[in-house]
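The next part holds the structures, each set out as structure tokens.
Each of the next two complexes has chain A plus one more chain, namely chain B in the first and chain C in the second.
The block that comes next holds the complex of A and B.
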């Protein structure tokens, strides 16, 4: 850790970035964020803070060299150990999603495709591999990893993806294998995951040359739990009529819970968001002005068309009030326990919606449909996310036939604009909206 | 003679443009159909001029537009999707619900219509022309066969070749290869119809078919599609009068309400 690195960091991040943020706040105050429709409530005030948090996080990464060890991790990885060890953590999936929102995917993923990676591979993986090969990104350059951590609780693609990263960067890779949960997990399943998390500790310690402090780990787990609980409460506020926050707001506001879990700033951010949402409820403000129908969104968002969907539904008087995807980062909060951090991490990370059966996900959809007073479900059949999309045809049919719940299967891709046809999507959405009686 | 005109419907499709005029009880007074021009707005103006010539002043007559070009019909009081319009038109004509298959030029739709005429569920072919009329048009063109005759020619064949591809562009290459291998045109055509039919049947099964099976849209004129759909689903196929006009008719009925 050279003094030069610290001075560079202080000058650029602490002084430079702070001045830039102050300038940006002044500029944004003159140009408030707005939708292209009068049918949506003005964007949340915390939007600007979210952008600042994420921008600072990536800026931090530019000057991390020589100050901290860097880990690249999957979105559902037990990151608390790395946070407690002081790693700077990058989530390639989040990075890819930012590239998606900024419509940079075709250019960056193209670099991976030119190198022989098939279009059938997940567009997150293609985006990040393309970024790795070319250095292209929507957030400047990413710091090179010293350690990789992949957990198989979201898909099997990460296994191969992280092996490629490990080969390319020549750094150690920790894999946490989580058995798939068909009905309920067993003690042996938990023991198996717990043992792997314990085994990962000396590897992570060795890379960063630090020892894990149990007290620090407890503190990080507590902050992870606090932030997740706040996030869950924010999502639950969507049960109010009119819903104060939409799933499209949640897709943006979920960035810190994924990217910056286990940090005090993340807890403070969600406390502020909860206050703003409660203020909206108090003042009777809905995310959609004149809310007429309420929908649930299943699967990842279509990052490159967030505004399109938000404005389309808003104009129709439809509020998409909940999503199984954003819910996944809140529903596990009760499982975390700072007094038994490793065991509780095993229980938490074995249980995401993607590591459970299609029937279990249907149960989640049905429970949420009831709690959130839902009139219909949009199931995004995501070409890139096979584990999330498999079973959707059956889930859709069950909703329609068992619950008389209108449900639409919408084919697209969370990141790749080439798998999205606006005209085809519009005709399906229009017909679905008419079916809802609007 | 036409003073009882109460509503108009126009269906601006990808292959054809159709218009229907109805009286207060939904009886068709007039209808017209033309091939779709690349410029929608002048063609719609031309249609409206024809209606005016027939019925006199049509200002104040409600008009609903449907089809892919519906948003360009600026004089329409409302734009409604083909799903709702076809369902409304067919339900009014046949008087019962069921599973409606509408095979259009650009896409195909399967619509479940309840016993009250409401759209209960629908499916559309994916982002590919292989489930649409364009699939047949393309390959008919490649085989130099008149589109209006391909169904009859296909049915005349006692043999059938398997077209493995479900992509229109790849199917064309497959057809070329089969021609090169000396396979008869009628045998290839029968295989093509089977390929399209099986895609439609998959859509029907994905929704869980509600009998009877009904058909609308331009491809209904093709006897091979009618025959094969019935053969594959083991259901008789029911056709409304003027199946190609069901979208425009449904639009007129919606305008009426």
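The block that comes next holds the complex of A and C.
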């Protein structure tokens, strides 16, 4: 690390950012709350910490040059190795989601579309490629990668997307390819993933010019596991009636588990969130003030309409208490093992819900529906995300016919506002709510 | 020479004849799979690229509208009884959409056919080869359980060798395509018989084509065709009519499957080597750089004046690479045209106008 970059980092991140955060807290405390507290519980207290953690993370990235190697990584990649090697890690999907929440996608993805990228490819990828081509972002600039890591456990889209990044940035791309689990995974599947993880280590070491310390790796895996276990507990608190935390809260609060796995700060953050959720339970506070019905959300959130959905359901006394998406980050926790880090990573990262069959996802939905005392399911048919969405028509039909569970298939796109019609959505939601008996 | 003289058998007749000899049939979805493995079990793989132009409304009760027409059609075809005579369905894991279809067939869609899946590794190193060997062995085990057959290495190698010969014949047809005197439609009708003819028949058919020297060669303005599949095939006649000759292709169903023979003496490893050996393909995770180099080399070798990207709507593997492929070609002064199709739609007059405009550019 050069002395200059060290001083720059210290001045801007350690001193500058802290003062900015203090100022922001002071300013926000004086702003009127843009939140409908008549129907919804006040925002979680940790909300501001989440925002600060994310802001600091991206700020860190502005001054990373000369201090750390930078890796761009897919959300479900075995990032622990890179964390243990001291990489600064960016998750383009998370960045794209932030752009979605801030309604910047049409502008940024538009840059990719103008360059010839089709509207029919995933809007996360279009947002990221647009950001790469134009430098536009919702969080300032993103540091350029020295290394790319893509894991196919969420989709093949990331394979195509990261090949493009690798070509443009001219940096190495590590692919961790995870066989899709139609029924069960085999020893050969695990061996294949394990071998690739092992092969990725020298590549990552070579880029950052450091050697991987086994002890550090164990420590990172342990912290990943601790944070995931806390996250799982937080999600499971949603089984309480009234549910203290909604899926919409979870969508926001999941950022650190995706983006900052393997860090002590992340473990502390989730411990604080769990305490707050428990406090809500103790005080009988529900995420929705007058909880009458409970829903489960399937697939990615619609980032650009989080408040719209939270308020629509809230005013009806409907709490969306669980989601298969946020659950995915918790259900893997038990599989991690610091004593066998690489093998356990192989077993963990082959197993996300997106890498399992449509029937297995229906099983997860049904199990969660029972556990969380669900009255209905909203399946967001996400135009951008084929792996999550194909199968939902049958899943909905099975829920309705086999389980007599009201289920709604809602066509939209997680990031692109152009694939969302508020009028159409409202009339479909109204009809669905009627089916729930409200 | 015209292909009428060669008597290309119909798929249905090939299936009936093979079944009459006691064989079984597997319907295979795109793109790569170990043909020889199936043949060692007396199973004839018949490929299912759609098929185009069928009533595809049946798949709408399982698949969203933003899934490509190849996947939609395959499912509709199954539901309207198009696969009644097949015994197995093999779904290679080519893309997210085929992954979805495989999953639907295993979990939700009622079918009496045995559904097999094949995960194609995207790792290019030793783990990828090893894994693919395991995958092929896994399918071997399932086929053994179902058929009661246990082909030994000698039998497997018999099937491997004949498929390798068929691959060689295919390569020769490509190599000598200019001298064959076939128009666009005839050449691709011939090439695409590899999708359903038993290897031994394909070799014979190729030999008879190769043995006849053409009275006159087909001389059009040469272009390279890139994409998944030349459907609807009338496109090829339209190109001929406009005076365009497809001089080379980077089509998933054709030129991207010019496999090289493997070297290993382990049959499963040999089949993996074979599947890994073909031209760069985004669905196998080949780099963009390798695709660019490959396309350029096709253009130079065939002296093509331009490239037509003929893509299936909603096909992410192709759509991601398009902008950089086009840009790299443009950088070399090679013009290109992009057309997107639903394989059920007829060739539109708008598309023809675009091709004609492109023709003006490259002429």
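Note that the second predicted complex is superposed on the first by the 433 of 438 C-alpha atoms of A that agree within 3 Å, B and C clash if a C-alpha of one lies under 4 Å from a C-alpha of the other, contacts with A are read in each partner's own complex, and residues count from 1 in each chain.
The working rule: a residue touches a chain if its C-beta (ideal position, glycine included) is under 8 Å from a C-beta of that chain, and two chains touch if they have at least 3 such contacts.
Quick caveat, the model's predicted, so the values are computed rather than measured.
Engineer: Under the superposition described at the top, does placing chain B and chain C together on chain A give a clash or a fit?
Structural biologist: Fit.
Engineer: Counting residues of chain A touched by each partner, does chain B or chain C come out ahead?
Structural biologist: Greater contact footprint in residues on chain A: C.
Engineer: Taking the superposition on A as described, I'd like to know which of chain B and chain C A:431 touches: first, second, both or neither.
Structural biologist: first
Engineer: Check whether A:214 is in contact with chain B, with chain C, with both or with neither, and answer first, second, both or neither.
Structural biologist: neither
Engineer: Looking at A:10 after the superposition, I want to know if it touches chain B, chain C, both of them or none. Which is it: first, second, both, neither?
Structural biologist: In the superposition, A:10 contacts neither chain B nor chain C.
Engineer: Thinking of the overlay built on chain A, is A:421 touched by chain B (first), by chain C (second), by both, or by neither?
Structural biologist: Touch partner of A:421: chain B, not chain C.
Engineer: After superposition on the shared chain, which partner residues are touched by A:23: those of chain B (first), chain C (second), both, or neither?
Structural biologist: In the superposition, A:23 contacts neither chain B nor chain C.
Engineer: So if I put the vertex at the Cα centre of chain A, how wide is the angle out to the Cα centres of chain B and chain C? Nearest 10 degrees is fine.
Structural biologist: One gets 70 degrees for this angle.
Engineer: Which of the two partners, first being chain B and second being chain C, lies in contact with A:358: first, second, both, or neither?
Structural biologist: Touch partner of A:358: chain C, not chain B.
Engineer: May I ask you to decide whether A:400 touches chain B, chain C, both, or neither, giving the answer as first, second, both or neither?
Structural biologist: Once the two structures are laid over each other on A, A:400 reaches chain B alone.
Engineer: Could you tell me how near the closest CA atoms of chain B and chain C get once both structures are overlaid on the shared chain, in Å?
Structural biologist: 5
Engineer: Give me the intersection of chain A's contacts with chain B and its contacts with chain C, in residue numbers.
Structural biologist: Common interface on chain A, chain B vs chain C: 393, 411.
Engineer: State the interface residues of chain A toward chain C in the complex, per the touch definition above.
Structural biologist: 115-118, 120-122, 125, 152, 155-157, 159-161, 163-164, 166-168, 173, 175, 177, 179-180, 182-183, 186, 188-189, 191-192, 195-196, 199, 357-360, 362, 381, 383, 386-387, 389-394, 398, 411
Engineer: Which chain A residues qualify as touching chain B in the complex?
Structural biologist: Listed in rising order, the residues are 393, 397, 400-401, 406, 409, 411, 419, 421, 423-424, 427-428, 430-431, 434-435.
Engineer: Which positions of chain C touch chain A when the two form their complex?
Structural biologist: Residues 61-64, 66-67, 93, 95-97, 99-104, 106-109, 117, 119, 121-123, 125-128, 130-131, 134-135, 138, 282-283, 285, 287-289, 313-314, 316-317, 319-324, 326-327.
Engineer: Where on chain B does chain A make contact in their complex?
Structural biologist: Spelled out, the residues of chain B in touch with chain A are 68, 80-84, 107, 119-124, 126-127, 206-208.
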